[in-house]
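Paired with subunit B in one complex and with subunit C in the other, subunit A is shared by the two complexes that follow.
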Partner chain A sequence: MSLLDFARGPALQWSVFVFIVGVLWRLFGVLLLRSKKDLSEPRNRAAWKGLRLIALRSWPRREFLEGTAFGEVMGYAFHVGFLVTLFFFAPHVVFFADVARGLIGTDLRGLIGVGWPTLPNGIITLLAAVSVAALLALLVHRLVNPVKRLISNFDDYFSWFVTIAPLVTGLLAFSHLAGWPYERLLAWHLLSVELLLVWFPFGKLMHAFTIFAARGTTGMIFERRGASL
Partner chain B sequence: MSSPTVADFLRSRGVTRRDFLNFCASTTALLGLPASMAPRVAAALGQARRPSVIWLPFQECTGCTESITRAHGATLESLIFEAISLDYQHTLQAAAGDAAERARTQAMKDHWGKYLLIVDGSIPTGNPGYGTIAGHDNLSMLKETAEGAAAIIALGTCAAYGGIPGAAPNPTGAVPVGDVIKDKPIVNVPGCPPIPVVITGVLVQYLTFGKLPELDALGRPRSFYGQTIHDRCYRRPFYERGQFAESFDDEGARRGWCLYKLGCKGPTTYNACATVKWNNGTSFPIEAGHGCIGCSQPGFWDQGGFYQPLSVGNWGNARTVGTAAAIGTVLGVAAATLARRRQRDAEEAAK
Partner chain C sequence: MTAPTAHTRKPEPLDFDQPRVSIAKPEYRFDMQGEMPEAERVERAMKSFVKDFGRTAAIYMESCIHCGMCAEACHFYEVTKDPKYTPIWKLEPFKQAYKREYGPFAVVYRALNLKQKVTVEQLQQWQQLIYDSCTVCGRCSLICPMGIDIAALVSQARHGMYNAGLIPHELWAVTERARLEGSPLGATPKVFKDRIEWLADDHEVEIPVDAADADVMCAMSSIEIMKYPDSVVATARIMNHLGLSWTFRLDGYEATNFGLLSGNSAAQKQLTMKLIDAAVACGAKTVILPECGHAYTALRWMGANMYGEPLPFRVLHIAEFLAEQVREGKLRLKKVAKSATFHDPCQVVRRGGAIEAPREVLKALGVELREMYPSKGTAWCCGGGGGVVANHRADDLRYKTFRIKMEQVEQTGAELPVTTCANCRQTFDDGQAHFKWDRKMHSLLELVADNLLGDDQ
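== the complex of A and B ==
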């Protein structure tokens, strides 16, 4: 069995398995926790209005802009580049379509008659490169800033590594780095993705599934107490 | 008496000096050599003596032989092939039975240590009876003939990597030449079948320089297998622009868009089809509207379906995903139940 066969076969199967088990374990484990009863008189009974915090927290507050602008800009640059690369690069779209067919028997084209669009490789390459640059800038910032360095732990650095690795290996595979056969680079790309999947539920990357629920819950608590959002 | 030179032979077949020089110039380019080497190739090839070649076909379909002898009309490439002294090839030779075997053993005796051995087809190791020629099983015939060979050319994917006979479940225990012979230089010329000009290119290099070409990690000549089909595909711009045929009869297919989504294995296949092409340079499979099936790669028959896109991996199925979801849910609910119990106990303790 070649490295590529291993990466496309058993390694992919087990990493997907671990990812699903881990994500659901963490999600149910958090969402089913008892929330502490708030006995105070609510200042605002329409607590659901606090859900707007999900959107509000996605944008920097003017009074803190000076201190957070770098992180916000780089954070968005990384996330947009990563997500566009993940969901609009043609080989990825083909993979997700196959997953959809395996789970529900059809892909998007079969459901609504229109397939998931793909973007030209030039745009994908540019955004992936921007994403890598942003991640490097964020790492430097974390290392240089004494406060951030102090509060960073293994989880932060390892999560950073497993996030940047698929981007870097993907770019190398796509550009056919001289001297390395494409299929070896492709195998390393797949293995890096599989490392990401395995680590995902157990580290800070899990925020992808919990961030909006956490913001919504906080917003509703704040709204009930009459706090300014 | 020494054998005639390649130039003598070609002249006797009516090949002009101009045609011969043109052939040498194009072959020099194909071998990845500088153009300034063309006169040297012509001089060396012209003076080269016809080498003795023994060709052993084992578990094969004769496609490799067809490729070089029947693919198209007589060309200089096929004449170069004829220029070798093919002392044994049981499909092509007129002799049969003991006479054929005598030809092989006589050629081995006369050219011991100097003859070139071409093997096409894989070698069955499961049972000697799976493949026999004149009472000799394939494995022992290969070992016996390889012993006196100067070098071996494993022609076609079956001889190079096991090919179709070696595909799962490999009922005959088929192995490639490289798994049997360890002490001789082996050049793998894979393809199902290999491109004729690649076969003659290797022969020309051997005749001209007296040595085998530079090989890649899979034992293939770098000059012909150095790039992927995808790298040199004329449909590559469509891949870059994200324009793909979704089926073989849609608008994208009619416009000649990229066949990646239809399972083309061009990105992982190293061969010269996209540049040298087939049938006298007419076209190649992708140009004819079908994706590359990766026939020059090891294990190409077992790489999933020919129509399964490359990026589709074996991620599991609805059952494995459902099992994982069930396990994750049970673990999560159990963890939450334990946590809630601890929360309740802590609250009661606080009262």
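== the complex of A and C ==
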């Protein structure tokens, strides 16, 4: 079995398995915990309106902007670059369509007549490069900023590594750089993605899911009291 | 010196000569209470921390991405730039314990020893971060991009610290005073009764006590009873002016709750139940809480949960009550031809939700309100909340944070700094004395009582 066959076959299947089971275990391990009913008289009965915090907290209040601008801008730069590359790069879309056909016998075009859109390779390359640059800037910031250096642990650095690795290996594979055969570059790209999937449930990458629960919970508690969101 | 046990000491003396009320500065500090093996301390800290864990706290614990933004919201970090004051760092041993003992992957963390066991030394070191450098003001909870309510987690960590006998000397001593004397700051029922009689006589105002039936029951904070008795008179004047059926009750008059501040849940419940039982006994439809931030949190937002069912009466902060009376046209006030700025008490405004009420009252007083920047939800804390002002060890740090408030007040150029929390007020008084500042903090309640329209008194 070649490295590419391994990456496309058992490694992919097992990493997806670990990802799904791990994410569900961690999410339900928390969400199924008891939650005491709050018996206080609410100021606002429609506490669910506090769910707007999920959107509101996506950008800091102006009072906090000065101190958080670097983290916000770099954070958005790498998240947008990463997600756009993941979901709108033509080969990725082909890959997801293949997976869909394998799982449910059809893809999006087969279901609704319109395929998933893609972006030109040039734009994707630019966004991926911006994402890598932002991640590098964030790493430097984590190392030199006294607050971030103090509160960082293995998870922060390893999660950074498994996030930047697919971007870098993807750019290398796309550019046919490094003098390696394309198959080997593609295999390393797949393996880096699989590493990300395996690590995902165990580290802080889980915030991709917990962010909604945390913001939503706080939003509802605060809204109930009429407290500042 | 060995640590005292709960029954070997007399109540420590209070110091009323200082601008803030606390026990006198201790000659020797006892920041570790009781006798127990170190392992038991850790066990107790973690057990009670974990015991409180429900879904909400667990979600928070799972969500931190270590972005460090919370530091930017904390006044202790703002004035020192010391990274140890980063709010989420104040919870580090508890995060460590959560991952190791309680989280969904706890078994993996323990099996591979990925998170070390928390030690007593670590908890002792963190005591200053959890008590001296956190006012539980919740500003960090507004900046966290994940939406984690860090202040709520600090309160929870205090439960663990209390049960481990690891709270600052002063918080322990005032809780002891409450146990031995019935009041943390000397406002015993006898003292309160004597004061009421003296105040009623001196100010020629009727102050009903222990009415068997009353629509409204009022409560005061220990700080007001002992240091700002004019607030007691102001409360009586306003209630009488409105012609309400109201009373103080000697079985439940003190809204101060050091149980909440120290992390002593049993004491918190006991103090809360006194107020609830007294209100039920006189059939009060409304309980009016004094100008005190944490007293509002303790009864308004936590009272029913301590009681085990919805409270059979409304709970209002005095500023909310005054605003309601103004809104209904029952309270008319003389105009104060001055400019004023309002200091937002964190527990009443940011975390309590009574954001506009004090401003409505100020509007009715006709003052020219000059808001500080930032104000309301993102206002800077005075630095004395969460029990910090009672803690001598925290004085130097607290004074540093107070500079923020002085600058803010000065920038408005307003004539009257006003607030609606006696704890903020004494923090301002103490800061004023320390810096020889020429600005005096005023009470919204007293300002209203001094300007009742049509009142002969």
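Observations, loosely collected:
The rule is short, and it goes like this: the second predicted complex is superposed on the first by the 228 of 229 C-alpha atoms of A that agree within 3 Å, B and C clash if a C-alpha of one lies under 4 Å from a C-alpha of the other, contacts with A are read in each partner's own complex, and residues count from 1 in each chain.
Here, a residue touches a chain if its C-beta (ideal position, glycine included) is under 8 Å from a C-beta of that chain, and two chains touch if they have at least 3 such contacts.
As the structure is a computational prediction, the values presented were derived from the model and not from experiment.
Of the two partner chains placed by the overlay, only subunit B lies in contact with A:182; subunit C stays clear of it.
In the superposition on chain A, A:23 makes contact with subunit B only, not with subunit C.
When both complexes are overlaid on chain A, the residue A:156 reaches subunit C alone and has no touch with subunit B. Applying the stated contact rule after C-alpha superposition, one finds that A:79 touches neither subunit B nor subunit C.
In the superposition on chain A, A:9 contacts subunit B only, with no contact to subunit C. Once chain A of one complex is fitted onto chain A of the other, the partner contacts of A:210 are limited to subunit C, with no touch recorded for subunit B. In the superposition on chain A, A:34 contacts both subunit B and subunit C.
Taken together, the two structures place residues 25-26, 29-34 of subunit A in contact with subunit B in one case and with subunit C in the other.
Here subunit B touches subunit A in the complex through residues 217, 228, 230-231, 239-242, 244, 246, 260-261, 267-268, 270, 298-299, 309-318, 320-321, 323-325, 327-329, 331-333, 335-337, 339-340, 343-344, going by the rule given at the top. Across the complex, subunit B is touched by residues 2, 4-5, 7-10, 12-13, 16-34, 90-92, 94-95, 98-99, 102-103, 109, 115, 118-122, 176, 181-183, 186, 190 of subunit A.
Of all residues in subunit C, those touching subunit A in their complex are 53-56, 58-60, 62-69, 71-73, 77, 81, 83-84, 86, 88-89, 92, 103-105, 108, 141-149, 300-305, 307-311, 314-315, 349-355, 373-374, 376-378. Residues 25-26, 29-36, 38-41, 43, 53-54, 57-58, 60-61, 63-64, 67-68, 71-72, 75, 145-153, 155-156, 202, 204, 206-207, 210-211, 213-219, 221-222, 225-229 of subunit A are the ones touching subunit C in the complex.
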